[in-house]
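Before anything else, here is the set of structures, which you'll find just below.
Same chain, two partners: chain A is paired with chain B first, then with chain C.
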Partner chain A sequence: MALLEIKNLHVYYGHIHALKGINLTVDEGEVVTLIGSNGAGKTTTLRAISGLLKTTEDTSVMYDGIELRQLRPHQIVEKGVIHVPEGRRVFSRMSVQENLMMGAYARKNRHQIADDLAYVLKLFPRLQERRAQHAGTLSGGEQQMLAMGRALMANPKLLLLDEPSMGLAPVLVETIFDSIEQLNKQRGITILLVEQNAQMALSIANRAYVLETGRITMSGNAQEMLHDEKVISAYLGL
Partner chain B sequence: MFANLRRKYDFTDVLLWLIGGILLIFILYGSIVTLTSGKYTTAQWLNFIVFGLAQGGIYALIALGYTMVYGILGMINFAHGEFFMLGTFGAFFMAEALSATGLLESNWVISILLMLAAAMIVSATVAILAERIAYRPLRRAPRLVPLITAIGVSYFLQYTARGLFGSGVEAFPNVPALAGSIAVGPIKIQNTQVAVFIATAVLLLLLWLFVSKTKVGRAIRSVAEDKDAAALMGVDVDRTIAISFAVGGIMAGAAGVMYGLVFRQVAFYMGFVPGLKAFTAAVLGGIGNLAGAVLGGLILGVIESVGPSLFLEGIGIPAPHQLKDGIAFTVLVLILIFRPTGILGERLSKRA
Partner chain C sequence: MQKAKPFRLMDAVRLGLFGGIAAVLIALVGMIEAFNKREVINGVISMSQVMLMAVAFVSAFFAAAQAHKSKPGQTIPAGLIAGAIVGVLVAILALAIVPLNMREVFVNATPRLAKILMPQGMEGIAGAAVLVVGAALVGLLAAVLTYLPGLLRRSILISLVAVVLLALLKDVLLPVIPEGLGDFLYASNGLTLVGAVTSFIVVALIAYFWMRVRPSTSKRIAAMPPAQRRTMSFVVTISFLIVLFLLPAVLGSYLSEVSDLVGFYIIMALGLNVVVGFAGLLDLGYVAFFAIGAYTMAVLTTPELPLVRGYIPQLSFWVALPISVGMALLAGIFLGVPVLKTRGDYLAIITLGFGEIIRLLVLSDALKPGLGGAQGVTGVARPVLGGIVSDTPQEFYYFILISILIAWFITSRLKKSRLGRAWMAVREDEDVAAAMSINLVGYKLLAFATGAALAGLSGAFFGSKLGSMVPASFNVLVSINVLAVLIVGGMGSLPGVVVGAIVLIGLPELLREFNEFRWWVYGIVLVVMMLYRPEGLWPDATRERELLDFEDEPNVDSEDPTGLAPSATIPS
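Moving on, here comes the complex of A and B:
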């Protein structure tokens, strides 16, 4: 069953027509990746889903039977759609602990929050060591772990990840992708993953979409795409 | 060698440093002359300082509103002084009513709490309305637009108050229990000043707890740092901004009660000068920084109270106390020249 169903998504920045009618679905329990080069509109797509950007009237973003276009960003978070933005955007003037608690901002149940905190600190032991440290002083990799941990504190049903591998050393990229797989398999979190690292993204995804200057140009099974001539020449850099 | 210097500093920089330097020399010279003349005793200086701290506490409470709104929206809310003025009117009408029922004489603690409640409610309501009606629609507009709007809001509120309450100066009712003064060694402290110290300290403590320990406080800090990221955490950004305005209004209302108790008057134009001075205090401490607003308020209050006798009399200015207001703005100019970030502040130029 489709957890997220986007139909005819258009976004304008002033006169710039950034998304030109995107159709995309994510089924419950899937990992779907959206790949594409710089400026294709990947970030714009995620920001439109989470309500940070205005979409046109004829756009439809259905999630779990709800039209997200009618909701404001904080209400979309309350529905379980959690977005880890491009560039991490951790709160640099807050401690690691406070950042994690910001993730749980919309939640009430203290026991569940405490359980999830324990889970996150086990998943990223690095954060445990640095709980009292200001987030602004963390390394890039640690900030990415914090951004992911913070999102998990929100108890996501659908996780939107915007280039989690950006700027990370290969070892860390492995760690981050391992944890993404783990979240999907162990916690049953549905994932929409935006990546420029197509190789990595396709290797963990069930299905994939290719975005080029605001249009979906290809879609299908992720494994098959890994071997597709066009994808290889354009995105796998071989 | 001169060519080298000229490359590093342009003409206006040098000119500003020159002006600043001359002002500093005058201040130092005046202070030395006054101190060596022995015109004032230590007790008198201490009294000046106590008076300055009481005045500075009021500036600090108002400055918090400037700094909170700046921290969260990067905007200087020039109407904030009017929130303070309207709060003082709220306290004034409450005091009149209490005086009529006799409660002001019989139970001063409850009376002051009621005056605080009235002033805080009025100031916070006006702050919330100003944000909702005037500023929120302009949030994505260029910086200059909300700034000009704020000046418009300021005039609108001033002249509304003038229309409603008249253009004269009203005497704030006397609270008999606060009439006297206490002596601490050689220093004489007015009871009203004691009340200002206590109330200010309590409010600052509560504000600090609110901002640093509560969930809403954390939301305010998150919105101040990154609005989109805060929204992605489930924070209602609009509501949080409204709350910040309300908190600034509450502090301004409290300042209004203090002002009424110490200076015993209200008038429609009374928000302007204290507003500008509190803004100066916020810049002095480092705008956007809450601790800075408090520090800046206290320092400005003391400089203003000590300054006329200390350095203006020394350089032979005939009526130094008339120039008290000039001191605050000289301080503003000096900070903007020598330390635009303020004492505790980060970058100012990047935003405003």
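Moving on, here comes the complex of A and C:
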């Protein structure tokens, strides 16, 4: 059964018609990637799902049997849909530890929180070393880990990742993608991954969608897409 | 940055020129003449001379300090040159005033000013020469100071400032200190020579030992077992409170009056601290809630305003007080709902507009029957306790003090609570805060309403204390002042609020006799603070302490792999 089912998603920024009727599904336990060039509308899609943007009336965003469009952003988070925004937005004047605990803000069960913290610190040992450091002084890669770790502290069922590889060195990109795979495999977290690094995204995803100027132009099995000529010439730059 | 360019004597010249121009400006705006009446040390040195020397001193000190860093050999020449150049510029001004007849442009450039600038009883080239040499000597003194160890140097600087303040505040302090001490310290005008020297030494010693022992003491306190530490902070708090409660007996009515004014600002600033410091919402119309509190108190308790009295009976102070706070709170919510969806600059402008709207409403003729219009409202009730009407500044001091304590308690609790964490997240990044399931509108409203309620509380007491109210008391400057108190004190810090209010509200009030020149002090404090101590006088340190605690914890990992125990971040 589809965990997330988006039908006919339209978003306008004033007169700009940024998303022109997107249909997209993510099944439980899947890694689905949404690839596309700059300005295609990837970030807009994620922001619409997490309730940060207004969508048109005929849009439907069903998640686990609930219409997300009726909920406010913080209520959507409480349902387990956690958004890791573009550009590593950590709380720079809080420590790493405080950032992580902020992720668990809405949760009550202290034991589960402690377990999740231990898991995050194991997944990203760098964070363990730098727990007391102010997040603003972390390196770009560490901040990305922190942003993901913080999202994990919210106990996500569906994780929305917006370009986790942006601006990172190739080695770090590998690390980040490894951890995304682990999250999916070990914790069973469903992932919707927005990426420009199509090669990496396709290699870990089950399925993929290609977004071009607000429309889905292609979709299908990620492995097959890796070998699709159109995708290769447009996004893999080979 | 400092290493990039080695020091050259040209730098000393430049600093001297800066200082000299500053000194000339101070003289031309009339400040020197205004301060000339006052002596710092009776018969020895006047306030205006101290000001000129201070300018030379500061220029020379910076020059010498710069030289000391990269070319220690040039320290003394640097100080001498910078000081002398200040002297040269002042001397040129003194010589030029009369022949050039500068009065047409600078009204304050009178022959009298020329005389004041010159050393006592001298004129012409001889006077100018003495002036330059004197300034150079001041520069030399500043240069010598840079050779002293840091602690000693700082004690001397603090003590110099303290002596000048002591002299300035003579009229304020004389009535409240024991007579013997008063006679010892003060002459007919300014300090006695013995008094000045003694107080200089005493203050310097105190400052020195205080700075000396503080690091080790705070380390020792940190090393204490938590129970003992708690007992100690309890004892310190209690003794501090006792002092606060005994204070009015010593202060006398004038100082109590000033304390009351500072108190109004402390309450307001504690409230605005929640809005701006905790939640990061820049509110420039904060005075509106102060006005609403004050006017609610006035309208509900005055015997005037027949139209209002036709509908609402005249209430007593204590009944009107919670209503005033409630009205301000409601206003906060009503304004908050539409406004809090905007961010940053837009929020600032909207709130600014709201503040003006409230002021114009109470000023308007249309609402005159209800709010008194431009004449305002008089006959506002005073608090009555046990049949006794409280109307002296000392009595109000207690009400204000209690209000401050309540405001302090509430806001410090809020800060440490879950709510405080959420506000901090909203302040740092709204979108991400929303992604942490923080209800943005709800939490912002809460901050806004808390701030508004405290402003209303302050306003209610303010209205009652004044007894009458005019719209002019509620202009935008109040909002700006409260914000400045926060910034100078240290955004987000509660003790900072108190320090900021004393420095920015109390001090100018005490220097009232210097008229508008005291606002120079205000401006200079703001500029200097932002350049050299942008975090404020008493910055918010809890977070740093949290971090330190973390590192001190020896085996975080073995006992508690999550590290949850030592931190305060667990949602409860």
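Keep this in mind: the second predicted complex is superposed on the first by the 238 of 238 C-alpha atoms of A that agree within 3 Å, B and C clash if a C-alpha of one lies under 4 Å from a C-alpha of the other, contacts with A are read in each partner's own complex, and residues count from 1 in each chain.
Assume a residue touches a chain if its C-beta (ideal position, glycine included) is under 8 Å from a C-beta of that chain, and two chains touch if they have at least 3 such contacts.
All values reported here derive from a predicted model rather than from experimental measurement.
Participant: Which term applies to chain B and chain C once both are placed on chain A by superposition, clash or fit?
Facilitator: Aligned on chain A, chain C clashes with chain B.
Participant: With the two complexes superposed on chain A, say which partner A:Ala222 touches: chain B (first), chain C (second), both, or neither.
Facilitator: Touch partners of A:Ala222: none, neither chain B nor chain C.
Participant: Please indicate which partner A:Gln97 is in contact with in the superposed arrangement: first for chain B, second for chain C, both, or neither.
Facilitator: In the superposition, A:Gln97 touches chain C alone.
Participant: Just checking: does A:Ala132 make contact with chain B only, chain C only, both, or neither of them? Give me first, second, both or neither.
Facilitator: In the superposition, A:Ala132 contacts chain C only.
Participant: First (chain B), second (chain C), both or neither: which does A:His74 touch?
Facilitator: Once the two structures are laid over each other on A, A:His74 reaches both partners.
Participant: Looking at the overlay, what does A:Ala106 touch: chain B (first), chain C (second), both, or neither?
Facilitator: In the superposition, A:Ala106 contacts both chain B and chain C.
Participant: Identify the partner contact of A:Ala154: answer first if only chain B is touched, second if only chain C is, both if each is, neither if none is.
Facilitator: Once the two structures are laid over each other on A, A:Ala154 reaches both partners.
Participant: Once the two complexes are aligned on chain A, which partner has more residues of chain A within touching range, chain B or chain C?
Facilitator: Of chain B and chain C, the partner in contact with more residues of chain A is C.
Participant: Tell me which partner A:Arg89 touches in the superposition: chain B (first), chain C (second), both or neither.
Facilitator: Both chain B and chain C are touched by A:Arg89.
Participant: So in the superposed three-chain picture, is A:Ala114 touching just chain B, just chain C, both, or none of them (first/second/both/neither)?
Facilitator: second
Participant: After the overlay on chain A, which stretch of chain C ends up in the same space as chain B: 79-87, 133-141 or 511-519?
Facilitator: 511-519
Participant: Do chain B and chain C touch any of the same residues on chain A, and if so, which?
Facilitator: Looking at chain A, the two contact sets intersect at 50-52, 72-74, 77-78, 82-83, 85, 89-94, 98, 101-103, 105-106, 150, 154.
Participant: Give the list of chain B residues in touch with chain A in this complex.
Facilitator: 215, 218-219, 221-222, 225-226, 228-237
Participant: Contact residues on chain A for chain C in the complex?
Facilitator: Where chain A meets chain C, its residues are 50-52, 72-75, 77-78, 82-85, 89-95, 97-98, 101-108, 110, 113-115, 117-118, 121, 131-132, 134, 150-151, 154.
Participant: Spell out the part of chain A that touches chain B in their complex, as residue ranges.
Facilitator: Residues 50-52, 72-74, 77-78, 82-83, 85, 89-94, 98, 101-103, 105-106, 150, 154 of chain A touch chain B in their complex.
Participant: Which residues, counting only chain C, touch chain A once they are in their complex?
Facilitator: Within the complex, chain C touches chain A at residues 418, 421-422, 424-425, 428-429, 431-432, 434-440, 543, 546-547, 550-551, 561-564, 567, 569-571.
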